[in-house]
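Both complexes shown next keep chain A, but they swap its partner, so chain B is in the first and chain C is in the second.
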Partner chain A sequence: MSIANKAQSKRLLAVHGWSAVILGLFLYVVVLTGSVAVLSHEIGLWSGGGHGHHNVLEHPLHDRIVELVDPLDPAYHEEVSLFQNAAGSVFLFPHGHETTDEGSFVEKGVRYVLDPVSLEILQREEGTRSDFAPDHRSALDRFIVDLHVRLHAPNPWGLFATGILGFVMLSAAISGIILHKHLIKDLFVAPRLSGLLLNRRDRHILAGSWSLPFSFILAFTGAFFSFAGTIGLPIVAMAAFGGDQVKAFEAVRGTPAIEDERPAPIYDLDAMLAESKERVGSTPQFLTISNWGRADAKLTVFHGPAEGKIQGSNHVYNAATGAYEGVKPLFGEKPSLGSAVFAWVGPLHFGNFAGLMSKAIWVALGLATCYVTLTGLQLWTQRRHESAVWRSMSRAIPIVGYGTPLGLLGAAFAFFASYPGPNPAYWTAVGFIAASIASIIMGLTIRERTQLSRSYQGVLAAGLVLLPILRVTLAEGLWWPQLISQGSVIIITMDLLMLVCGLGCLAMVLGITFERAVAPRPAKQPLMQPAE
Partner chain B sequence: MITATIYICATLLSAAAIAYLLLTDPKRARVFKQKSIVSLPRKPRLAWVIVFSPAAVLLVAGQTSAFLAWFGTMTVVGWLMAMKRPGAGA
Partner chain C sequence: MTWNGRLIARWVLAGPAAFVLAILLMAATPFWFPKGASNIDHLVFAIFLFPAYWAIPFTFAVMAEKLWRASAIFLATGLISVLMIAQMFNQT
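On to the complex of A and B.
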């Protein structure tokens, strides 16, 4: 099975190990937060307390949108988008497309935040997307997503960092395949108990081998998302559009071949949305209207994936006449290979194609990758245990390993404590930093490893069990009877998930590990096999 | 609902084939000095074909959603099954 000789394997092991040692803990943070971010929609709904249940696209909105958009600067009529986030906030954003002096593509317009039921204006801001204040209701899920996507570093540096981590994961997966000579033979060999080092090696290799296909997929698609906007679009714009990113964006989005600038009122949006719902069989998720108030205005309605499919679909209407014009590809006006391939990238990375079922699987895949990362680091430091430097490094593994979920727990606590106050986004970040610092102090003060792990697990257990209670008591969330009456199954599921995870941590404190649960009787003197 | 049913059936079939491969794996038996409770014939190639057979069926049937869900589940389930050490007397 080996495709490298001894010297090549040694060099490859150095690349595999050193890249992981230098960037492995950052990779762990990105993958763990990514696993949590898979549930960002559910977290938004859950942390919003259940008040975001009212779907704005299922109720009349035509008159109100016309009332808000018509009087605006015609430059903002180029495109109007309407979107409701998981926490329930409705964003109406009439805008135009511009290129800044630095050559970046921006969307400039007026952003309204509307009440989902009354459609009253809660907030009105004018500028580009980066100028707008974050939505208070979705501060927690936005914080987690931003931590995963760009580690809260400024653009584009954060995206570069996570993109590079994607490539590190990709290179670790490739070098892992080449290094492990008995990948297929060892696929069913459980971790052996005859030595700590061998046990850690077996754990790392077993988890790494099984999660290999999705390590590739998640790493590649993640790196793609990091670099597509920051490097991909500017390169395409430079090569094919003389550096004009607006033109490049419009070509990617697809602009109608024939322009008709004659004024024309917008056809009944409610009627077009109802027709789209009936045609596709699901409620639309968001909509955009291009060339508002013109005869060539188009309404594009996005629907989630149909039964059995992984991609959603865009349905286009003539927004001046209400006539249905067909399904629009993701890129351009006509179906293309690029559009078909790109349509797979999102579902493969987000796992959002079959509701909670596929999301749960993607969370498990992300956690398996976290396990591979941490066991790999443990293996590397364990092999160099004689060195004081590596012993210090080995202490960082549980600190980051437990510190990241504890940081997220701190962020959730701070969000609930500050919501619905004036600035939950700020306090959510403060909560994360405070909990992370507390985790580091714990890691530095508790010297004994088992005691340290159990302390972390105990805090996690208590925190997770408390979260549903805080959601109701501090953040004015709805309690189960009210949620059941309005059919909010997701929030109850999230509450139960917190309780189950909390009890899982408690079981670990009590020493009831998964391994002991599945293998109550240890093997009798397992036979040693060659290490590699 | 159809997708969920197809996904469950595909997962159960592949999981059963993985369980068979696990029980009949020679290295696993050797490492843990495992004596089989039941003697199973070794047909690893056939078992691998069964493991992957849902992939072909799901893709041909256009059930891409069930295919991806099945594929993701199998990598996690396979790992968790392989993690289980055989009992001392087993």
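On to the complex of A and C.
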């Protein structure tokens, strides 16, 4: 039973439909790239070819870090962070916190990119995060994540755009919840076969019903991530801290009650990391050291979820004495409701709370949401088929629907072709744009709809099957026997995933669907004998 | 009010007015929300609740039968939020 009367339902339906018509295709791009970005860690590992297996935080690094950080400007000793991405690159970033003339909060310092094994400097840059060149090894996964997060538009406009798309999705989810008269029944609706439009409508309702709660969660958390830094922090800082964003950031992060500026050397980082690993039972993922070289220096080690746990944890050490000080909440110095709630926002958006299993579910539900977006648009345009404007709009649906995955495929091809050359990040973007343009040309030149879909599916099938081969041949990636000996199951799984998706597309080209495959064959009719 | 006038009024309420109200509600949250054990809950929830601060007035504006009542509620909520924000400014 709907809670809205007829007039309210009509208005909600108008909002539901028109918001999708105006921004649905952009929303589709963001949701599809988000579904792929759920696997960004695995894509980074996979596109890096298996060379990122050496975990820098499990090997001695104390002397090298001290050697690099000690001589720097003391302003950059405010915080030192060390992080290794999925592709294997190690980032050391000693920095200070500043507010720019425009009032934005920035981290300014020196960023080193280090070789994971020798810890030799591969790249050294000074400035704020936005000044740094992208990492070569992780160009592909970064490209996909940036496309999802800010559509590659400059900050803060890209984040505003994705935030507004988050609001559009939120309004679609809320109106969908209110409009559903029989939500439970719709979860089990069998698509009718009496007409194409009815069948599509039933499929839209079926996929939409299952992905409604998921869409709501994704839209809410996604809008939060887009607006938190661009609008949230500046507004809250203005209201509660007179506009001082650094003060607001430090209040949220939590600062030690007692300050001790006396100089003191950093205690053995290797010993503290080893102790932390033994204490938590999982490998550290990244670390930060605040007040480097002072008696009040703190080392915070972040661990991913230990066996049987859903969330990771931060562990704090006195970095001058090596003494363990306890678990630090995400925000503030003591456990609080705000920190506990925020700790769930990331896992709920990224789907990384139960390893690969939850990621697989998030990818599937994300793809279901893409299906709902496209079928919703199809239904809208089919109902208005008499109008030339809506017919043009209906042609854009397969172009964007297939063009976005083809663009991602082009980005992957260009990444492998240019890696380990001087600028794979640039060529990855070029590959995406070139493949997108090719998709648009295909869409405009092939007029017949079924032939167009099959052509797109054929290109996708060939491209996906080729990707694992290109990974090994062009980008110096490791082949399966070497990966098996290393225990790198994820890269093999990713290769298999590409092959399965490619074969799935091939099956669509050949017209083999699951329904046709399982449908009982009609019984053979006895041959008619000519009458004697 | 004519049908077009009502439509425009609803668009203004559900569009720019709901967005501005969401920003005011977020800015005012540190004033009334409990600070919690770690003195951060009022800041974290102000930012965390922003999507809800937009979604509630938006849905309300779309569903409202009497637009004058929705406008009055928007105005009153906005004014109360502005007073809270002014009070915080005075304290800093």
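The rule we apply is simple: the second predicted complex is superposed on the first by the 512 of 532 C-alpha atoms of A that agree within 3 Å, B and C clash if a C-alpha of one lies under 4 Å from a C-alpha of the other, contacts with A are read in each partner's own complex, and residues count from 1 in each chain.
As a convention for this text, a residue touches a chain if its C-beta (ideal position, glycine included) is under 8 Å from a C-beta of that chain, and two chains touch if they have at least 3 such contacts.
Not measured: the values here are computed from a predicted model.
K.L.:
Which holds for A:Pro305: it touches chain B only (first), chain C only (second), both, or neither?
P.N.:
After superposition on chain A, A:Pro305 lies in contact with chain B alone.
K.L.:
In the superposed arrangement, which partner chain does A:Val15 touch: chain B (first), chain C (second), both, or neither?
P.N.:
It touches chain C, and chain B stays clear.
K.L.:
Would you check which partner chain A:Leu337 touches, where first means chain B only, second means chain C only, and both and neither mean what they say?
P.N.:
The answer is second: A:Leu337 touches chain C but not chain B.
K.L.:
Is A:Pro420 in contact with chain B, with chain C, with both, or with neither (first, second, both, neither)?
P.N.:
neither
K.L.:
Pick one for A:Ala223: touches chain B only (first), chain C only (second), both, or neither.
P.N.:
So A:Ala223 only meets chain C here.
K.L.:
Is A:Pro191 contacted by the first partner chain B, the second partner chain C, both or neither?
P.N.:
A:Pro191 sits against chain B, while chain C stays out of touch.
K.L.:
Quick one: classify A:Val236 as touching chain B (first), chain C (second), both or neither.
P.N.:
Second partner only, chain C.
K.L.:
Contacts for A:Ala364 in the overlay, against chain B (first) and chain C (second): which applies, first, second, both or neither?
P.N.:
A:Ala364 contacts chain B only, not chain C.
K.L.:
On chain A, what residues does chain B touch that chain C touches as well?
P.N.:
Touching chain B and chain C on chain A: no residues.
K.L.:
Given the complex with chain A, which residues does chain C contribute to the contact?
P.N.:
Those residues of chain C that touch chain A are 10, 14, 23, 26-31, 36-48, 50-52, 54-55, 58-59, 62-63, 65, 85, 88-89, 92.
K.L.:
What does chain B use to touch chain A in their complex?
P.N.:
1-4, 7, 21-22, 25, 27-28, 30-33, 62-66, 68-69, 71-73, 75-76, 78-80, 82-89
K.L.:
Mind listing the chain A positions that touch chain B in their complex?
P.N.:
185-193, 206-207, 210-214, 305, 307-310, 347-348, 351, 353-354, 357-358, 361-362, 364-365, 368, 514-515, 518-527, 529
K.L.:
Which positions of chain A touch chain C when the two form their complex?
P.N.:
4, 7-8, 11-12, 15, 166-167, 170-171, 174-175, 178, 219-220, 223-224, 227-228, 231-233, 235-236, 238-242, 248, 251-252, 254, 329, 331-339, 341-342, 345
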